[in-house]
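The next part holds the structures, each set out as structure tokens.
Okay, so chain A shows up in both of these, paired with chain B first and chain C after.
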Partner chain A sequence: MGLLAPTVLILLGLVLYPFFYAIWLAFSDKAVGSAGRYVGFRNFAYVIAWPQFSAAVFNTVIFTFSAVALKFVLGMSVALVLNQRIRGRNFFRAFLLLPWVMPAFVVYLVWRWLYDPLSGLINYALIDLGLVASPIAFLSDRSTAMPSVVVAHVWRNFPFYAISFLAGMQTISQELYDSAQVDGASRAQQFRYITLPGLYQIIGVVLLLTTIQTANAFEPVYLLTGGGPSDATMVYTMLVYVMGMVNLRLGEAAAVSTLFLPLLVGLVLAVTVLLHRKANA
Partner chain B sequence: MREPLSIRATTYTLLALFVLMVAIPLFWMVTTALKSNKDLYEDFSYLPRRPTFEHFVRVIQREDLLTNIRNSFVVASTTTVVTVFVSAFAAFSIVRYRYRGREWVGRLILFKYLLPTAMLFVPLYAIVVALGLGNTLTSLILTYLSFMVPFCTWMLMGYFRSIPPELEEHAMVDGCTKIGALFRILLPLSAPGIVASAIFSFTLSWNEFLLALVFTSDHTTMTVPIKLSMMVVGDQYIWGQLMAGAVLASVPITILYFLGQRFVVQGLAAGAVKG
Partner chain C sequence: MARPAIRRTRREFIKESATLAAGAGAAMSLPAPAAAQRPKLVYWCYQFLKASDDARADFAREWAKKNNVDLQMTMVPWKEFMPKITAAIEAKATPDVVESGAVELRGRGQLLDVTDVYKKVEKANGGWVGNAAKFMLEPDGKVHHILYGFQGFMLIAREDMLKEAGISKPPATWVDMLDQAKKAQKVPRVFGMGIPVSNQTDSSVWEDIMKSYGARLADEAGRKVILGDFKGAVWEFLDYFTEVWKAGVLPPGVTTWDNTMNNSTYQAGKAVFILNPVTVSLWLEANNPELLAKTAHYTYPRGPKGQIHPVNFGSRSILKYTKVPDVAKQFLLDSMEASKMDRELSVSQWGPVLKSYLAFDVWKKKSFMKGLVEMSQRGEPEGHPDVFNDAWREQATNTTTSRMLQRIVVDNWPRDKAFAEMIDVLGKIYAKYA
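Up next, the complex of A and B:
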């Protein structure tokens, strides 16, 4: 129908066409300004043999799992606290949402400055508290770079988990908790047997959506470390960017993103299976 | 039932920790923007000794951030207006008409939702260059539509389904056309959904980073995120200006969000539950 035409045009031209074009690019030697020729699996062979590619696979998995796990724990704790009868709850709920409301690029620029080895707040505070003797180069040391990127990403994204879980908790009937208390159930038992089961569905949706988003995160790495030091934080989105936009090798860049499709599907399946098992346990 | 003291103590201790955790980076952003360079680099202090707006003045005058703010504003508002109209038409058509291939549109929308931008930006770049749109705001508006329209269509479908079609049928008996019924009945009744879609489109376009980084290459076409990220590599002593720019970039979005918070939460619920 006519009303649907613009949407169909957008979906065909800017979603489906680029998707198949990406797959074609992966099998071609296209560079900016030249028509590409079909080269078979050459790009894939080249990319897989490259140490940067295995680093990207490893880092993407590490980044995704640690960030999702931390966001889950932090988001759940915040939701549990906000679900208590506390004074000024509406204010605190709005305030703790701020990191997620702020633009992501702003958050990562602020964290880059917080981590600064010369004049950053974290180093000043650590030295003033006597915890370290000399400044730590958080983002340019191989051992601290990845954890630092994960922390900044978790800070920006935990509120989404918190508000989703909080919304779920508020649909759980208070009577369940009251009768559990009469039966002498501890707080931990109430959480385990009332709160968690009541949240399974929301947890499922949140984990599924955010696992995909986290695995595709680009800004934290680009704005904090650029993938360095020596590929310690090179995730796959960053590798696609470097190959396609810095080295201008479109075919190989497309090959990297095509190779990651099964991994992303695998991540989504892993989360689904994990949840299914939990729900049946 | 009153909580035991130990529980309340734990609750408030944790709450204080969470508030500090959120407040410190925000505090650092705002105070950095207000500090003089002396307070920042020579003689460190946690609080600005002589608060100054010099960084705001400099980021606007020397870095010409207003041009980039204008670019961001043009891109975000155009994307928003087009998205709302196109998505409302699409959602209306899918929800209220029966025809073959309808469900395919729904599937494509979901496919788009799961498809990462990282997979699309290389081909999109090639397409943008081939169309002669390299380094233009038009290229950003066009490509932003490709993720705003599916998302907002999905959300509005949830809203439209919740409104009984009889209302429009009555209006049509009274001589209203089908499109007239969309504008006079369906849209006003789904106002919260429309507002939520508009806020989403505006915010996501304002914040978008990857495509803007790939498509725009000079100062006159850069949006705010790209301009600020380019400043990082420029000057060693840029942090005052950068944080001033960061404050300027966050304020409109934060205000918009808190004004529309009610609608956004409703919109998410409608899209997720009814959709």
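Up next, the complex of A and C:
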């Protein structure tokens, strides 16, 4: 026990101190350069009444669910394809990782250019093909802004799903598929009764990690829309950034983070419980 | 041939180790080399326009060499400055000299008093230009940052396209500007007005325009929000904005433009008018002289209640935590020296802050730089006629005016609702600082 003490102390210091310090900040009027005084629930009342807060809650939930769902579907589809014996399989597997290894900054600036209504490639192609008459402002229209941010985020992050699922698929014995084929099981049935159950543990871990990661995503919104137009893509991480790093009101920024904590914990618990039940079914 | 291994007894090994340790200890107690005793100055240099940044960085290096100072310089873009300095202050690892965020840091008591430097610079250069002193002097006569340049928006226009549309005079009012933009634009290739209506600070132009229609946000003391008293002026401004929006002179996408998009749109030849500092023109000078030859630079148009033309500034300040205050002050003083500034201003976007700088050739040589002198002489502090304080700054970084406009054109909110939300937000912000 004594031998473990230093490690436990370091872990507690690295994990618990910042966690409780952030909560303390939420109850203080801490601004940059000031010590900060205890102000009770004042910051919470302030941020809840702030017009962008409700937009941030709504948008964070929409962004997280839609992005995770799309990444899951796309990742699973690609993994299924790359699990087949196709020509150049190893090349495609390596190629698949490209979006994921590129720096987020580069990826989102490229997407920003692709979406640009004046010089972007997507509008250029759409107009050239005669599909639209005038350019579409993908990032500046309320109806297309959030889907455009989600698409860019999914493009960058789905390879992690695909590679993880592919690794899981390769641990499933081929004999199971052979037996199922002999019994006359269709491809869909094989996926439903062999592949999916065999991947539950991996799906659980991947969904758990990426739900947290997606809910905390900052770069796509910061680099593509800045939270606009008119808060249509304002997510909570962007609001925290504006309050803490732009307005220098660390207490208010910490209050936003603290208010989102139950939501994030709830999301994680929901995913964990759901997958645990499936795995034990 | 292999060398025979030298075997030592344990006693010999201990003896040799002790000798080595004693030797090392003695060496460490010797006086440190001169290099290690040089004062160290950590300098965060503002990064924006390469030629201008290089000029300041080159000077700093030369200065450090001449004064035997160990200089540690980091280029920091404006957008990254506040997050970086916030972390540095909280971690108690601050630089000595910085070139951004002086007013914000001064408001939080983070800066060293440099009144003595201010007085020396003023005396050596025949005084300050325009309102420069107003930007630095505090009510108690103290100074915490030294201005080295003014920067402000100018009306930058495609003169060739305006001439082609039969327009020969610069727009005197915002309404003139809209009329000219409508006549000269060639949609969808070239749009009339490349102005953002987004959550970025370049959208503050709309606040200036609203104020030129007679509105103001807060009272003379900068504490109480009084925008609600100016509903008539705001409505007149919103009539104007609605006309701008409906005329299709704003390029698609302006509601999410970042602060670079107005520059890049003009540089790509896709806007007739933009409101921007002369950084655009300096870029054109180096990269697209043909477009620069077709470009004119005008002063800000007027509104029905006059011209509102705020300017901001570049300044240097010293963090109060510095261990080398005298070295840092000397750096501030030397960096304002006229011959050094002559070299720097000839490749920069800055207007003159000291009277001795008015004699520089750059204001005569480059036509687009002439306007900087007038801007420096007449420009008011940001926020004018409102007081530039923490509350005004927070509402400016929240782009409250632009958000009101976005509510109207993006969310189709009625004016009353958007206006009420803006007053509510302003009230919340100003109440924190009252």
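Here, the second predicted complex is superposed on the first by the 261 of 281 C-alpha atoms of A that agree within 3 Å, B and C clash if a C-alpha of one lies under 4 Å from a C-alpha of the other, contacts with A are read in each partner's own complex, and residues count from 1 in each chain.
Heads up, the rule we're going with is that a contact is a pair of C-beta atoms (placed from the backbone, for glycine too) under 8 Å apart; a residue touches a chain by one contact, two chains touch by 3 or more.
Only a predicted model underlies this, so the values are computations on that prediction, with no experimental measurement involved.
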| item | value |
| --- | --- |
| Fit or clash - chain C, chain B, common chain A | clash |
| Partner chain(s) touched by A:L263 [first = chain B, second = chain C, both, neither] | neither |
| Which superposed partner A:P51 touches (first chain B, second chain C, both, neither) | second |
| First, second, both or neither for A:L114, with chain B first and chain C second | first |
| Per-residue touch tally on chain A - higher for chain B or for chain C | B |
| Partner chain(s) touched by A:A180 [first = chain B, second = chain C, both, neither] | neither |
| First, second, both or neither for A:Y236, with chain B first and chain C second | first |
| Touching partner for A:S77 - first (chain B), second (chain C), both, neither | first |
| Which of chain B and chain C A:N247 touches, first, second, both or neither | second |
| Touched partner set for A:V101, first chain B, second chain C, both or neither | first |
| Which superposed partner A:V15 touches (first chain B, second chain C, both, neither) | first |
| Clash-bearing segment of chain C, relative to chain B, as chosen among 80-88, 170-178, 188-196 or 314-322 | 80-88 |
| Residues of chain A contacting chain B in one complex and chain C in the other | 32, 116, 118-119, 244-245, 250 |
| Parts of chain B lying in touch with chain A, wherever the complex brings them together | 1, 3, 7-8, 11-12, 14-15, 18-19, 21-26, 28-29, 32, 40-41, 44, 46, 86-87, 89-90, 92-94, 97, 99, 105, 108-109, 111-112, 114-127, 129, 142-143, 145-146, 149-150, 153, 206-207, 209-210, 213-214, 225, 228-229, 232, 239, 242-243, 246, 249-250, 253-254, 257-258, 261, 265, 272 |
| Residues on chain A engaged by chain C in the complex (per definition of touch) | 31-34, 46, 49-51, 116-119, 134-137, 139-142, 145, 224-232, 242, 244-250 |
| Contacting residues of chain A [partner chain B, same complex] | 1, 3-4, 6-8, 10-11, 14-19, 21-22, 25, 30, 32, 77-78, 81, 84-86, 92, 94-96, 98-99, 101-107, 109-114, 116, 118-119, 121, 124, 155, 167, 178, 181, 187, 205, 212, 215-216, 218-219, 222-223, 236-237, 240-241, 244-245, 250, 253-254, 257-258, 260-261, 264, 268 |
| Chain C residues within the chain A interface of the complex | 82-83, 85-86, 89-90, 104-105, 108-110, 188, 198-200, 251-256, 258, 265, 268, 270, 394, 397-398, 403, 406-407, 410-411, 421, 424-425, 428 |
